[in-house]
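Paired with chain B in one complex and with chain C in the other, chain A is shared by the two complexes that follow.
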Partner chain A sequence: MSRSGPLPFLRAAWIVAILACLYLPIVSVVLASLANSRYMRFPHRVWTLDAYREAVGFFQTWDLHLISLQIAAGVVALSVALGTLGAMAYARYDWRGRGLFRRLLVLPVFFPQPVLGLALLLSFTAAGVVPSWKTVVIAHAVWIVPIVTLVISIRLFGYDVAQEEAAFDLGATRLQVFREVTLPALWPGIFSGALFAFLLSWSNLPLSIYTSGPDTPLPVWLFSRVATNYAPLVPAIAVIGTIVSALVVLGLVGLRGALARLR
Partner chain B sequence: MHAHPARPVALALAGLTRRFGALAAVDGVTLDIAEGEFVTIVGPSGSGKSTLVRLLAGLEAPSAGRLLLRGRDITGLPANRRPTAMVFQSLALFDHRTVGQNIEFALKMKGVAPKPRRDRALELLRLVRLPEDYYGRPVTQCSGGERQRVAMARALASDPEILFLDEPLSAIDYRLRKTLEVELKELHQRTGKTFVYITHSLEEAMVMSDRIAVMRAGRFVQVGSPEEIYRRPVNRFVAAFMGEVNILAVEGGVLSGLGLAVPDAAGPFAVLRPEALRLDGGALGVEAEVAQTLLLGSRVQYHLRAGGQALIAEVPAGGRALLGPGDRARFGFDAADIAWVAE
Partner chain C sequence: MSRVHGPWFALPVGLFLAAFFAAPIVIVAWYSLMPPRTFELSGALTTANYRAAFGEGYERPLMWSALGAALTTLVCALLAWPTATILHRSAGRWAGVVTALIALPIFISESVRLFGMSLFLMPGGGILAGTLNALFEVRVGSILNSRLGALVGLVYIHFPFMLFPLLLGVAMVPADRIEAARDLGAGRLAVFREVELPLAAPGLSIGCLLTFVLALGANAEAAILGGRAVTVITAAIEQRFNYAQDWPMGAALTVLVIAVTAAVVFPVLARVPLDRIIRR
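And now, the complex of A and B:
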């Protein structure tokens, strides 16, 4: 391929265009948050950070984040624990009903989320459970555990189970086998699974909207305030939420790097 | 089935049995393995040899029978508490670790400090003839033969009393396998350890073993030196397992397919090795027509037809012109070349 001519230029332009399409909505949210009027008009007459000042001082901003973080943490813990066990059962052992398990496992992923959310709310009510952020954890888990299980089980294909027997034969206890062989092999899958679980839970609206009861996760609040009573405060909190989730992800990646260096 | 009389028994198998439901994969196996002996258990797939080695290593518990290590009953001891080590068919190296970490694993589990661990690993690298700078290399960057050696070094690290090898050469190509067979034999001599080797290839067993146990349907069919197994197979199964062989039915003292009377017929079947048939001499002989000629390097193999009977003969290739398809010749042998088997 020649390095001269219009081809490299066209290729670069194409990539820039794709990136622009991806980031333009996010940039628009940032721009919207810099206004002081509840009517969207562009360019703004007044550019201001007032919305951010208000958001930071507004106790509900941090309440929303806390609830969403609580939910996401619960979902990550639950889906990594169940996903790891499910993936090991699926990938390591050949048992009756294994194929059926795989099909049943991914079924919730295909189910429309608003319907799933309503169904879960009806189930909670029927069971006499009062909706709160805890029921949201369960609702998210229904949808996210299958995904995390699949992500982790990908790591287990091509994993030689004989490694565990070899470790056992070389004098390791069952616990040491898990710590020295199984966990390091699974770890990348568990890490990606945890990231998926966090991000999917953090941004989930359709399940949260039905099952959160009096607790309000961030996306639910954003949705309701966009629909009614819009103000630049809404995009400002959306931007803060994006930054918080980005920091959590960066923190997890940094933690992983630190752990890898420790080994 | 007794071990070498001069040496003490390292491992005694007494009626070892493993049942899976109604099926006995290992069915009452008894054998004494001597200190420092190289014993090979050979059998076709499904003969129970892999289950047997898992019983010996402690990865599986027997349904019945006992296992004695230097006189101590270890039947109930799990693999991690047995002073034995195993080289796995897939090698089962720890993929996310370096060569050094793999070799040191058993010592790390024992709580040995890093410095002596490293010294031992380097010593083992020398033993298996790998350069010392392989210590820090990820095992994923090693070739097939190098991985093989790392697996050997890892198994030997904790100085096991017995080494079990479960078809470790099965995934390696022919030429490298031949080299590694010789190396393994040398390693056995250098370490002086008891080796129990599992394979489906009797050819492999022949090269390395002091003693061979031929296994079929969970039982030992024959146990003996390579020469005994080769020259005096106890039945047609063992004879055929050794490679291409002529098995002739005998009726009334006559090799029925050839119509040839043999003195002192001692069984219903005569086993005749291809190399026993030769182009000169022999008290007995058959006129045969060559159907096919296969040059195997230093030897030539003739597929023959004598009457209605197909025969295989293998003679040295040098000296005379090769026979071609359609040529006729007399192939001779002696009565002493025949191994008589009952079944």
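And now, the complex of A and C:
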């Protein structure tokens, strides 16, 4: 490109600096987990995996993971179901209220999450609903359903409706058209939507913190332990939680690949 | 045919958001008009909570949150603009890898990342201070537990939310338009002001909007990195709800935050062609 711009070296240095800033805190968590003293004094006198051994044997580690997993699974199911239908209304069909629907749909994304969490907490309590992992699913979904709807819609914008009409003309039934034409076209969007839903739910703190009640998801527990009662166990569990989410994503991607090969 | 189907497909999402997004806002607004320290929704309507909000000094946390969000937006925009233009212009293989690397941390919980930030910045035995001390025997101070610390955390968490809409915005600037402006004798500043900025404006606006709104309600940054240096509005609302058991007052503060949000969101969304950005 243009030779008049800043030197290529400067540009590369800028990008490296941005990446370094983004990853330093994450590296710091890993480094902190390799100690065995309750006080953070870097560099550690002893480098050890003790904290991981303790974390794996600690029943609460798996409790936290189970609750986070349960919530994320609920959010994925809810947001894929609602998001697929919503995407049809957003991008596939042309109808009178569509402009308004598109504008209203994005509002939850442009809304401060902790404020949404507090508003939901107040409403649930007023309605006599006791906060639990189920209320977290609802809270996450308010924010994630619009995102998944948009992710699936992006796929649908490139969708040619004529294919469906051609299938009808060739004598296919409504169900056949949906299974053979519409769903395969939607599938990549649904899959990315599900991944987004899982990851966003797994890592969410601001909505969970006010709506989870006694069922503590992983990020909320980490948040509470950062302030008080620090031990290398805390960063170790943070690392384990991140690895587990990466494994789930890799597993899903692998499963999809295997299914595609079977077909 | 399709005109009939559209509303039916929109219905489930519509009902869900009406029940769990619109209704809670209405309930909170109604609570904010109830007599102080009551738990019923049937009391006589009063504006006492709003008057108390400003009488008891709650404008300060609101101001801190708004100021923090504005500064976060500004700093993120200044950092993201060069990043986005560099990534866009060198659209080679590594630009894709770098973009993915920047996106990845969004999916790591913000409690993990902020925790890491505090471990990095911790005075004395933190990662940064400890390393500098061990290698160079330099002792450094720390911005942990200060307003600056909270701001650094806000910028760190919200940077990707600015960058990605901005990348889409920068992609809307045709390269030949810049070349043409240069050929006509425009300087760097003129090209930026007259060509790049207006054409990338939709992406920049969405990035600014997203960053501002998310930072406005942010609580964890101030809690983990700001220590007791600053009380943000979300912390003040939580305190009213939980410890003071004063729901109507907490609701009034919530309504004030929602009002600020709406005042920013509606004008921007009305002007920006969101569909055109999403379609890309």
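In this section, the second predicted complex is superposed on the first by the 241 of 263 C-alpha atoms of A that agree within 3 Å, B and C clash if a C-alpha of one lies under 4 Å from a C-alpha of the other, contacts with A are read in each partner's own complex, and residues count from 1 in each chain.
Here is the rule we use: a contact is a pair of C-beta atoms (placed from the backbone, for glycine too) under 8 Å apart; a residue touches a chain by one contact, two chains touch by 3 or more.
All of these numbers come straight from a predicted model, not from anything done at the bench.
**Student:** Clash or fit: how do chain B and chain C relate after the overlay on chain A?
**Tutor:** These partners fit in the superposed model.
**Student:** Now for A:A167: first (chain B), second (chain C), both, or neither, which partner does it touch?
**Tutor:** In the superposition, A:A167 touches chain B alone.
**Student:** In the superposed arrangement, does A:L85 touch chain B (first), chain C (second), both or neither?
**Tutor:** In the superposition, A:L85 touches chain C alone.
**Student:** Which partner does A:G189 contact after superposing on A: first (chain B), second (chain C), both, neither?
**Tutor:** A:G189 contacts neither chain B nor chain C.
**Student:** Counting touched residues of chain A, say whether chain B or chain C comes out ahead.
**Tutor:** Touching more of chain A: C.
**Student:** Per the contact definition in the header, classify A:I18: touching chain B only (first), chain C only (second), both, or neither.
**Tutor:** The second partner, chain C, only.
**Student:** Return first, second, both or neither, reflecting whether A:Q176 touches chain B, chain C, both chains, or no partner chain.
**Tutor:** Once the two structures are laid over each other on A, A:Q176 reaches chain B alone.
**Student:** Let me test your reading of the model: by the given contact rule, A:P232 touches which partner, first (chain B), second (chain C), both or neither?
**Tutor:** It touches nothing on chain B or chain C.
**Student:** For the superposed arrangement, tell me the lowest C-alpha distance between chain B and chain C in Å.
**Tutor:** Superposed model gives a least chain B-chain C C-alpha distance of 9 Å.
**Student:** Which positions of chain A sit in both the chain B and the chain C interface?
**Tutor:** none
**Student:** Which bits of chain B are touching chain A when the two form their complex?
**Tutor:** On the chain B side, the touching residues are 57-59, 78-81, 85-86, 88-90, 92-96, 105-106, 109-110, 154-155, 157-158.
**Student:** Name, in rising order, each residue of chain A that touches chain C in their complex.
**Tutor:** Touching chain C from chain A are residues 1-2, 4-5, 11, 14-15, 18-19, 21-29, 31-32, 39-43, 81-83, 85-86, 88-90, 92-98, 101-116, 118-123, 126, 138-139, 141-142, 145-146, 149-150, 153-154, 157, 161, 199-200, 202-206, 209-210, 218-220, 222-223, 226-227, 234-235, 238, 241-242, 245.
**Student:** What residues of chain A sit close enough to touch chain B in their complex?
**Tutor:** 160, 162-163, 165-173, 176, 180-181, 184-185
**Student:** Could you list, by residue number, the parts of chain C that touch chain A in their complex?
**Tutor:** Residues of chain C touching chain A: 2-14, 16-17, 20-21, 23-25, 27-28, 31, 41, 79, 82-83, 86-87, 89-90, 98, 101-102, 105-120, 122, 124-127, 129-131, 134, 156, 159, 175, 178-179, 182, 188, 209-210, 213-214, 216-220, 223-224, 234, 237-238, 241, 247, 250-251, 254, 257-258, 261, 265, 269, 274-275, 278-279.
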